[in-house]
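Chains here go by letter, A, B, C, D, E and F, matching the order in which they are written, and residues are numbered from 1 within each.
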Amino acid sequence: MVRLSQITGRSGEEVMAALGEVAPDFARYIFEFGYGDVYSRPGLDLRTRMLATVAGLVALGHAERELTVHIGSALNVGATREEVVEVIMQMALYAGFPAALDALLIAKKVFAARDAAPPAAPPPAAPPAP
Amino acid sequence: MVRLSQITGRSGEEVMAALGEVAPDFARYIFEFGYGDVYSRPGLDLRTRMLATVAGLVALGHAERELTVHIGSALNVGATREEVVEVIMQMALYAGFPAALDALLIAKKVFAARDAAPPAAPPPAAPPAP
Amino acid sequence: MVRLSQITGRSGEEVMAALGEVAPDFARYIFEFGYGDVYSRPGLDLRTRMLATVAGLVALGHAERELTVHIGSALNVGATREEVVEVIMQMALYAGFPAALDALLIAKKVFAARDAAPPAAPPPAAPPAP
Amino acid sequence: MVRLSQITGRSGEEVMAALGEVAPDFARYIFEFGYGDVYSRPGLDLRTRMLATVAGLVALGHAERELTVHIGSALNVGATREEVVEVIMQMALYAGFPAALDALLIAKKVFAARDAAPPAAPPPAAPPAP
Amino acid sequence: MVRLSQITGRSGEEVMAALGEVAPDFARYIFEFGYGDVYSRPGLDLRTRMLATVAGLVALGHAERELTVHIGSALNVGATREEVVEVIMQMALYAGFPAALDALLIAKKVFAARDAAPPAAPPPAAPPAP
Amino acid sequence: MVRLSQITGRSGEEVMAALGEVAPDFARYIFEFGYGDVYSRPGLDLRTRMLATVAGLVALGHAERELTVHIGSALNVGATREEVVEVIMQMALYAGFPAALDALLIAKKVFAARDAAPPAAPPPAAPPAP
């Protein structure tokens, strides 16, 4: 099974903690179904999976929190900043320039936060957001 | 520059031909901007680009024609059927089960059409849909 | 108050009739609120209103029936085919190429249907779809 | 655990069968996660759950297949036709008239199909679509 | 006719006041069409109506202000916190985890605000947001 | 070719500058494709183009930054405040009241900012956002 902390680092944990009070089972579903079932599947490497997730989140248009988490996740599992930017730019063709522009500005913030405080080695095995 | 027929095969050409009468410049934009500018960029391989496009189209929810074309495009540039299915299934987490279910049923049709008539070697250099 | 048949011609009537059996009050809301309240407002001419409606429907991505009706409505109130096509193409910037491409192919059908059977002078005063 | 056939009747089974060839695990996720985990939860009655699902599907705008299945599901678990129509009409306020109009025309078809061939007592315990 | 203040409490009034300067007729449409026409209809109880509205708003994905108002509205007309949470969680199946997660975090804020300052008896008869 | 500063004034420049570090080519695409190709086309006047863009952005539901820029753009190219408000209100019919309400509150802010500091004569020829 996928080491979940390997994917989202600490940002996923924070979301889970915030969620726990109001809907603890939802956090469990994200953990069991999102990571246990879907992301642990063979048949597609994690780097491509996370770049596909970034693409899907750009197309949704309203998923700022998730984009922040998963642009980080993509970098955590081996995608480069350039690849993340390419995927987002490409989505302008399919979801329009505003959705891509919003996502590029989010990517800029994620990159800057990492330059200021590079992510530590991921913690042992904490539940993340999908 | 990207050999466009390499991406969509004949399905893109048909869309362009249908479009040509009502909005010929739009076909040109797809050709020049979509393929000439975006898909020809270095920094991300075509296989990952097309899987990201499939992810984005699933998330849009309404892009049946484009999904049909670009599930084929993903296979044309080296993705496997399994990889296409994995990307679509994963989008259920982000765009819901109905969007993923619709896309899986489209993939099933694309796979069946290829089993019935495998795509020929791509034509020399025709304008495709993005 | 706006002569509603002036806007949609017969296509609106057909939708209303289909709707009448299952939700007659909904047809009335479309008539009273959509046309009586909103489209009858001063402050913006009907041609610009209908072109804005076409733009909004393209951006929704899933409104094929409404696009068919209101591309016709735009032509009925004085917009040219070229103007309709320009509005749709422009939406590629904001809603992506697939949404614009779908709408252009719908416009092509509407134009062809009018070439085959030009719309008669609108009927006296029938309830249309918004 | 929820008797799934109780919810969707036969329509869910057909979707699952179509899906099985291309993505059998996805059918299993719908069965285990959608019905086993979510719909089996206490805390909200099935009739209200299915009316909420109809509302959500109308708001998505592109979920015709699911709307067809779950308008039926809502009736199967005790909602009236009038309640289904009220929920759909109300969504015009939040998702616009086109999304509600499309859904009302789908409801009309579902009602007509039931008048022509009333659903039999549900089959024993088959996997449905969520 | 529905006592509107009964639905939204004070939060609706604030939105209406903000709106009044720029588009007073829009506030009137919300009042007359949204509450006068739609929410006052017989055929579905207010508690189910508001839970359906919460479902629809989650599916839209971008309606944070409205979700804040109408999670409160649902509680005002008799739904429990647990029921609100169940409806939101269920929408993960249809609109994806990010939309449901955002809505759960909004619900958490609404619940906390009510714990800090329980809603007074609703004011006599003020125009609310739909 | 369209004098771009004529459309967005300074607000477009700021977005471009923010974008430049992370994706300079994307800024170029907006400049060349968005303004050079699409907005410079004959066949539709700029005032109608910008009102159509406002309509499309309302329908997207998530494009707050772009709405802020392009409500200003519409005013810059000759639309009146009343016309902008009419276009937004009309979108309630197609995209729902929450999307229109959000946009009206954005318009209110744009109008107030202009009352406080009227836009200067546009700068010579700077790259804007589409």
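Keep this in mind: contacts are C-beta pairs under 8 Å (C-beta built on N, C-alpha and C of every residue); 3 or more make two chains touch, one makes a residue touch a chain.
Not measured: the values here are computed from a predicted model.
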Option reproducing the contacts of A-D, where over half of them reappear, out of C-D, C-E or B-E: C-E
Proportion of interface numbers common to chain A and chain F (over half same, under half different): different
Far-end chain from chain B, centres as C-alpha averages: E
Most distant chain from chain A by Cα centroid: C
Centre-to-centre distance between chain F and chain B (centres being mean Cα positions), rounded to whole Å: 31
CA centroid of chain C to CA centroid of chain F, Å: 24
Touching two or more other chains - residue numbers and ranges from chain B: 25, 29, 33-34, 38, 41, 57, 60-63, 66, 85, 89, 92-98, 130
Chain contact topology (line, ring, star, complete or other): complete
Parts of chain C lying in touch with chain A, wherever the complex brings them together: 92-98
Of all residues in chain F, those that touch chain A in their complex: 15, 18-19, 21-23, 25-26, 29-30, 34, 57, 60-63, 65-66, 129-130
Contact set on chain C toward chain F in their complex: 33-34, 38-39, 41, 43-44, 48-49, 51-60, 63, 66, 82-83, 85-87, 89-95, 130
Contact footprint of chain F on chain A as seen in their complex: 61-62, 85, 88-89, 92, 96-102, 104-105, 107-108, 111
Complex interface listing, chain F residues touching chain B: 25, 29, 33, 37-38, 41
